[in-house]
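Consider the two complexes below, in which subunit A is the common component and subunit B and subunit C are the respective partners.
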Partner chain A sequence: MNADIALWLTQDGITSGAIYALLALALLLVFAVTRVIFVPQGEFLAYAALSLGWLQQGKVPGTVWLVLAAALLVALLEAREALRRKEARRLPRIALLYVGAPLALVAATTWAAPRSLGFAAQAALVVAIVVPLGPLVYRIVYRPIAHASVLVLFIISMAVHYALVGIGLLLFGAEGLRTNAIADTKFDWGVLSVSAQSLWVIGASVACMLGLWLFFERSLAGKALRAAAINRVGSLLVGIPIEFSGRLAFALAAGIGAVSGVLISPITTIYYDTGLMFGLKGFVGAILGGMGSYPLAALGALLLGLLESFSSFWASSYKETIVFTVIIPVLLWRSLVSRHPVAEDEEE
Partner chain B sequence: MRGMSASAMRALGAAALAALPLLLPEFAVTMLDYVGLATLVALGLVVLTGVAGIVSFGQQAFVGLAAYTTAMLTTTLAASPWLGLVAGLALTLVAALLLGAVTLRLSGHYLSIATIAWGIAIYFLFGTLPGLGAYSGLDNLPPVRVGGFAFDDARKSFYLIWGAALLALLAARNLLDSRSGRAIRALRFRAGMAESCGVDTAALRLQVFVFAALLGGVSGWLHAHFLRFVSPYAFGVNAGIDYLFMAVIGGATQVWGAVVGAGVVTLLRDWLRDWLPRLIGQSGNFEIIVFGALMIVLLQRTRDGLVPALMRWWPKAWVLPRAATTGRGSPASPASQSTVPTLPRRAPATPRTPVLQASGLHKRFGGLVAVADMSLELAAGEILGLIGPNGAGKSTLFNLVSGVHAADQGEVRLCGTRVEHLRARAVARQGLARTFQHVHLVSSMSVLENVALGAHLRGQKGPLAAMLRRDRAEEAVLLAEARRQLERVGLADHLHEAAGNLALGQQRLLEIARALCADPLLLLLDEPAAGLRWGEKQALAELLRELRGQGLAILLVEHDMEFVMGLVDRLVVMEFGRKIAEGPPAEVQQHPAVLEAYLGGEV
Partner chain C sequence: MFTLRLASLALGCAFALASAHAEVTIGVSLGLTGPGASLGIPYKNTLQLVPATLGGEPVRYIVLDDESKPDNAAKNARKFVSDDKVDAMMGSTGVPSALAMAQVAAETKTPLISLTPLPPLPPERAPWSYVIPQPTELMMSAAAQDMKKRGVKTVGFIGYSDSWGDLVYNAITALAPTYGYKVVTNERFGRADTSVAGQVLKIIAAAPDAVVVGGSGAPGATPQIALVERGFKGPIYHNHGTVNLAFIQTAKKAAEGAIAPTGPLIVAEDLPADYATKAVSLDFVKRYEAAFGAGSRNAFSGYTYDGVLLLDAGVREAAKKARPGTPEFRSALRDALENVKNLIGSHGVYTMTPSNHNGEDERARVLVHVVNGEWKLAK
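Now for the complex of A and B:
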């Protein structure tokens, strides 16, 4: 290997590592706040990438219909709950939020699809479509059993993954898509040739992380989320409803998934079932970083991206095996330093 | 008719099963073969996940490992499939031991993530390792032969596959209804308690993990020689998720749930694969939407799966006695009149010699000093009461003495042997038995079985003996002992009830019976009288006096002063982690520091 190749592999590794880092942050956030190991995180990425592809082809992506259907289901659930509690005055709000707003989204998408708006507008539309899926999934699936054990929530996440992948196939078909690049230019800096797309990915990821940091440090909602992550009962006592923090965490996760989908779609061909691999690599990254701190999780994900990139050069066909095997020595190390070798009793 | 029905129904069932391949069309028999293959893997998960609480999404890796091993040996080297079975299981065993040793020490969800990771890693390995035929796999495997008979079509394979599945189901049922089985059933929610009964929970988790992996291996071997071909696609991530869904759908706590789960998932998938594409107008694996939705609804409504739900509709009279949960080795007559030999007992401590000597014990949790410079001594044939306000450190002291927590400083001797560095199960082996302030029992297990768990260290038979039913003599002895102790504490009428259904006071008595089952030298009782009625308290005090008379040393934490004062020989009073008074009850009652601690200042 010469320096050119090494530099190129590094650039490639950092680009995919940035995506894994975003996903790792989302996974860590959802886990900290809701104790859900959100395997389907990658599905948001695939939905966003494929939706963008369809918009670029001038077609209405099926994800809007999914948002509409899920929102109508939630409208029914919420209306039933409101009526059971004799709170009929909440009904107009429910109708506006879960019927009106999704219909507006459908209208906007059908209007925008054939008009081939610019990249920025299409990307914004994709984010607007995918973000609601997070809270909707939370409301339909997780809220009814928010107090179940981590393992039950994990199994449920697998079921959600199944459902979302199947729906992805239904909406987009089995064919993969690659979207048009945000920018085609390449910058030549000495030996290094950097594609503008990579810079976009890295820049947008860093911006996202900064945004998240500001959100957690400066905004009230962000602080509430941090409180909920640190102490659920305590945050409940000071008036942060579990429902609120759950929805917000899932909305952020869906948003991060959508952004990473938009960023990755010009680089790799995305299929309806590509999401799992991305989501799991985000997980491996978070675990490499110790599953406790956001910066370390991002760093772990970045390392994973580099490892993947370099192993694709040396042992291309063993790339996935290597990436998923690194987790085993890390787990071994964790089990050696872990202070509680005997697993704590699960609540009955 | 019940008398004949159990064995007669079993024979009838076996005959019906044997006749199935002759009556059904070929494709239906093939489907049943697939159900049998999946049953084996799901059964492993029922024991691993449903009972022991270890969630694995990676069982397909073990299935694939055994399948590829036998495929390699029988095609490339033209070896006998039986050699393939031995080699496949050996490799599965090694892999399971390695993966288990690394991951089983992790808390639940890390382990589950690790199972996904190795599942994916091994899937890609199957597709890329040279000699495994890449993604098109290996074909032309020979069928399994016994003598001159080849299991070379779906009907013949049916007998092989379902023979293996039935044997595995029986083995798993026998396992769960045994000494090891009781410990396995405590793993999920009560691992700490099991350790205090002397169970090596880490080793047991590994054994259960290996058991599940080997069942996967058997399934993989059968799969390879039934289809006569292997390819990576059968061992992808989705296969692992499917297996877990089968265990959950069937009802992950019952061995027969594996058959139901495997049947529902396999048949439903086949049916959906036919119908959904017609409905939707394109082809693809849309059945996963249905499976995903089904699992979500199922887990939201009930965690018990379909079997218990179906049982509720099933006519009561059809349900066989719940042998697996009640321990069938129990004698019908009271234990005192039984002919079952009794367990050998430990040599009792010499009367009046110290059994427990603790000195200079310190324990700190972060900034909180829970126990500071605590010392106490307790002799054989003595009852020592430990009292003090809430938060005085009494339960922490219990945990230090019994090895649940390690002390920061100080030493503990049990009959002269230093034990402060030992873990709970090693301390139990030295002759300490205890109860817990918050009752720790396996609520789904019968009262008798819960108590028999206390006698764990007095039996030797392991999982293998249990599966082969070579443990019946020992089981009868252990259960008779449990029964005798339950009679002693006055729970003889509740032997076969689920422990979770007892009133709180009775659950405390159950814990005492469980502790007595260990034949201890030292008994630690944490608030045994809480929740008992007056009459029950009298009976308990009487029992404790009797035990004292037999030379047992008893350390007792209790808030009921009337109960304590009339019973104990000496009292130790704790406040803020320190000993503030010690002596005979009458003396301690007048102690100024005690009055101040309890009544708050000048009296």
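Now for the complex of A and C:
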């Protein structure tokens, strides 16, 4: 190991660490607001990357049909609820949101697919396709059991994960995809040559984190989410509906997943089932950061990326073992020093 | 006396006629669903293209799905033997399933044509199994020969952290003394790994003359891309598991120049006119693509085809000695298979001996490389 290699490994580690950090933030956000350990977080990443790949090949990605199907199901659920509560005036809004909007999305995608628009337009379209999946999954799966225990929510998340992976296989097939890079250029700084793609990844991740920070600090919706995360009962009392905060948290999580999928897809091959590995590493990163603080979670994920990169150099056969083993001392230490948040949860 | 002779002659003729019309039954167990399905389906497709006779006898193929699970493969094999009274079996997708069938084959004394490589079998089981695919070492010897020609002295290895990676690694280390090179790294990665930057840096730091990749298909492209990105200038060798379209589609421009051994049918058109298998390979590939679409050719369908050709030769001999459906026929078929000489298949030329139940030689592999986004014969 010399300085050149260390620099290379650091660069590789920071690039993947940036993606893990984004996923760690999304997991933490969803957990804080809804108490759901959102196992399928990585699936959004895989869906986004594969959808982008299909758009670049001029094909309509199957995810739009998934959005349409899920939205129609939600439309039925919402309409039934509205009618039961005798609130027929809500029906046009439901129709517009869950039938009109998805149909417009389908139309836009089928129009755009064969036209090979630029990277930016395609990426924007992919984000527009994947983001609605977050709130839709929340509405179908989690809202009806919003008050269940953390463990039940976790088991349900596993089920959602398996369902989404299966759907991914159905929509995209078993083969992996690698999309075309945003930019092929490379910058040579001494011994190090940095690809424009990894600068994009790091830059966009930092921009996303700053955006989230501004959102939580400055906007009303962000403050409401923070309130819901800090004290659910209290936030209900001051008029923040659980449904609103849940939907928003899932939309943000899906958005973060979509952005990371778009960023990572040119530098790695994504399969329908790649999502879990990313999600898990984001989760380990969040745990390294104590599963409570956003900056610490991002830092933990970054360290994980570096650890992964260096262990793939020193002991490639044991890379995953090393990466997942670091969670044990951290959990041990945390269980010794922290008060038990689970007990607090059960008091509710 | 004369009448008695005539009568026995007539009786003999009747028997011969009866045996000529008895149906040969072949049981085929494949993983048509489950993780092996992408291989199982081409294996099965071929059966639509083979003639309705084996060695001149009418034949019936019974195809069962074993869901890529070894226990189901064993169950299917037992069903073939006890219910269907098959004369021979073929299968399956994946080494564990084929091994399970080999056990049943030996127990029930039914010949098995294995469509996947088998590890060396214990002596009591070995006589009943015949293996169609080329051994990994035979395949990798094509790469080793090419390395010798280019004067390669040191080789870096990167492969899957599973049994496939081990197989390729063992093959190239076993060949190393013969071809005068040294394997200097043994780096591993997972099929779903997103980055192999660390492993590739280690290889580049070791500065080998060439790199061998023990991967397959699209995941095999990950080290290829990383090596090209980091400016590795030497030749990069892959193995026969990598020769497909997914590899090129994934690696894109980085795939150019990648070298790999494969069965001759993959590049049937490019083979020199005097190549032993050219006619058979080309005929099979043309018919397969006519039925299943241009570009659908693959190694697996060829294995089934060669298995059927082997059975054809065996049944032709065995039918002279016994009637299909009897233990005598199965035993005669086993003996006949062991004596098959110079059978030309789509993958190679098969010459069986009691100690070699694969029987392929150097004609069973060619070296291909990627030129302008296509696998082409390396000349």
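Basically, the second predicted complex is superposed on the first by the 338 of 348 C-alpha atoms of A that agree within 3 Å, B and C clash if a C-alpha of one lies under 4 Å from a C-alpha of the other, contacts with A are read in each partner's own complex, and residues count from 1 in each chain.
Note that in this section contacts are C-beta pairs under 8 Å (C-beta built on N, C-alpha and C of every residue); 3 or more make two chains touch, one makes a residue touch a chain.
Remember, predicted model here, so these are calculated numbers, not experimental data.
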{"item": "Contacts of A:I327 with subunit B and subunit C, given as first, second, both or neither", "value": "first"}
{"item": "Chain touching more of subunit A, residue-wise (subunit B, subunit C)", "value": "B"}
{"item": "Subunit B versus subunit C as contact partner of A:V152, first or second or both or neither", "value": "first"}
{"item": "Partner chain(s) touched by A:G211 [first = subunit B, second = subunit C, both, neither]", "value": "neither"}
{"item": "Contacts of A:F283 with subunit B and subunit C, given as first, second, both or neither", "value": "first"}
{"item": "First, second, both or neither for A:S317, with subunit B first and subunit C second", "value": "both"}
{"item": "Touching partner for A:L177 - first (subunit B), second (subunit C), both, neither", "value": "second"}
{"item": "Subunit B versus subunit C as contact partner of A:V141, first or second or both or neither", "value": "first"}
{"item": "Set of subunit A residues, in rising order, touched by both subunit B and subunit C", "value": "174, 277, 317, 320"}
{"item": "Residue ranges of subunit C in contact with subunit A within the complex", "value": "38, 158, 161, 187-190, 192-199, 201-202, 205, 217-219, 221-222, 225, 229, 246, 249-252"}
{"item": "Contacting residues of subunit A [partner subunit B, same complex]", "value": "37, 141, 144-145, 148, 150-152, 154-156, 158-167, 169-170, 173-174, 276-277, 280, 283-284, 287, 291, 317-318, 320-321, 324-325, 327-328, 331-332, 334-335, 338, 340-348"}
{"item": "Contact footprint of subunit A on subunit B as seen in their complex", "value": "53, 55, 57, 99, 102-103, 105-110, 112-114, 116-118, 120-122, 124-125, 128, 188-192, 195, 201-202, 237, 241, 244-245, 248, 280, 282, 284-296, 299-300, 303, 443"}
{"item": "Residue ranges of subunit A in contact with subunit C within the complex", "value": "5, 8-9, 12, 16, 174-178, 180, 195, 264, 267-269, 271, 273-274, 277-278, 308-314, 316-317, 319-320"}
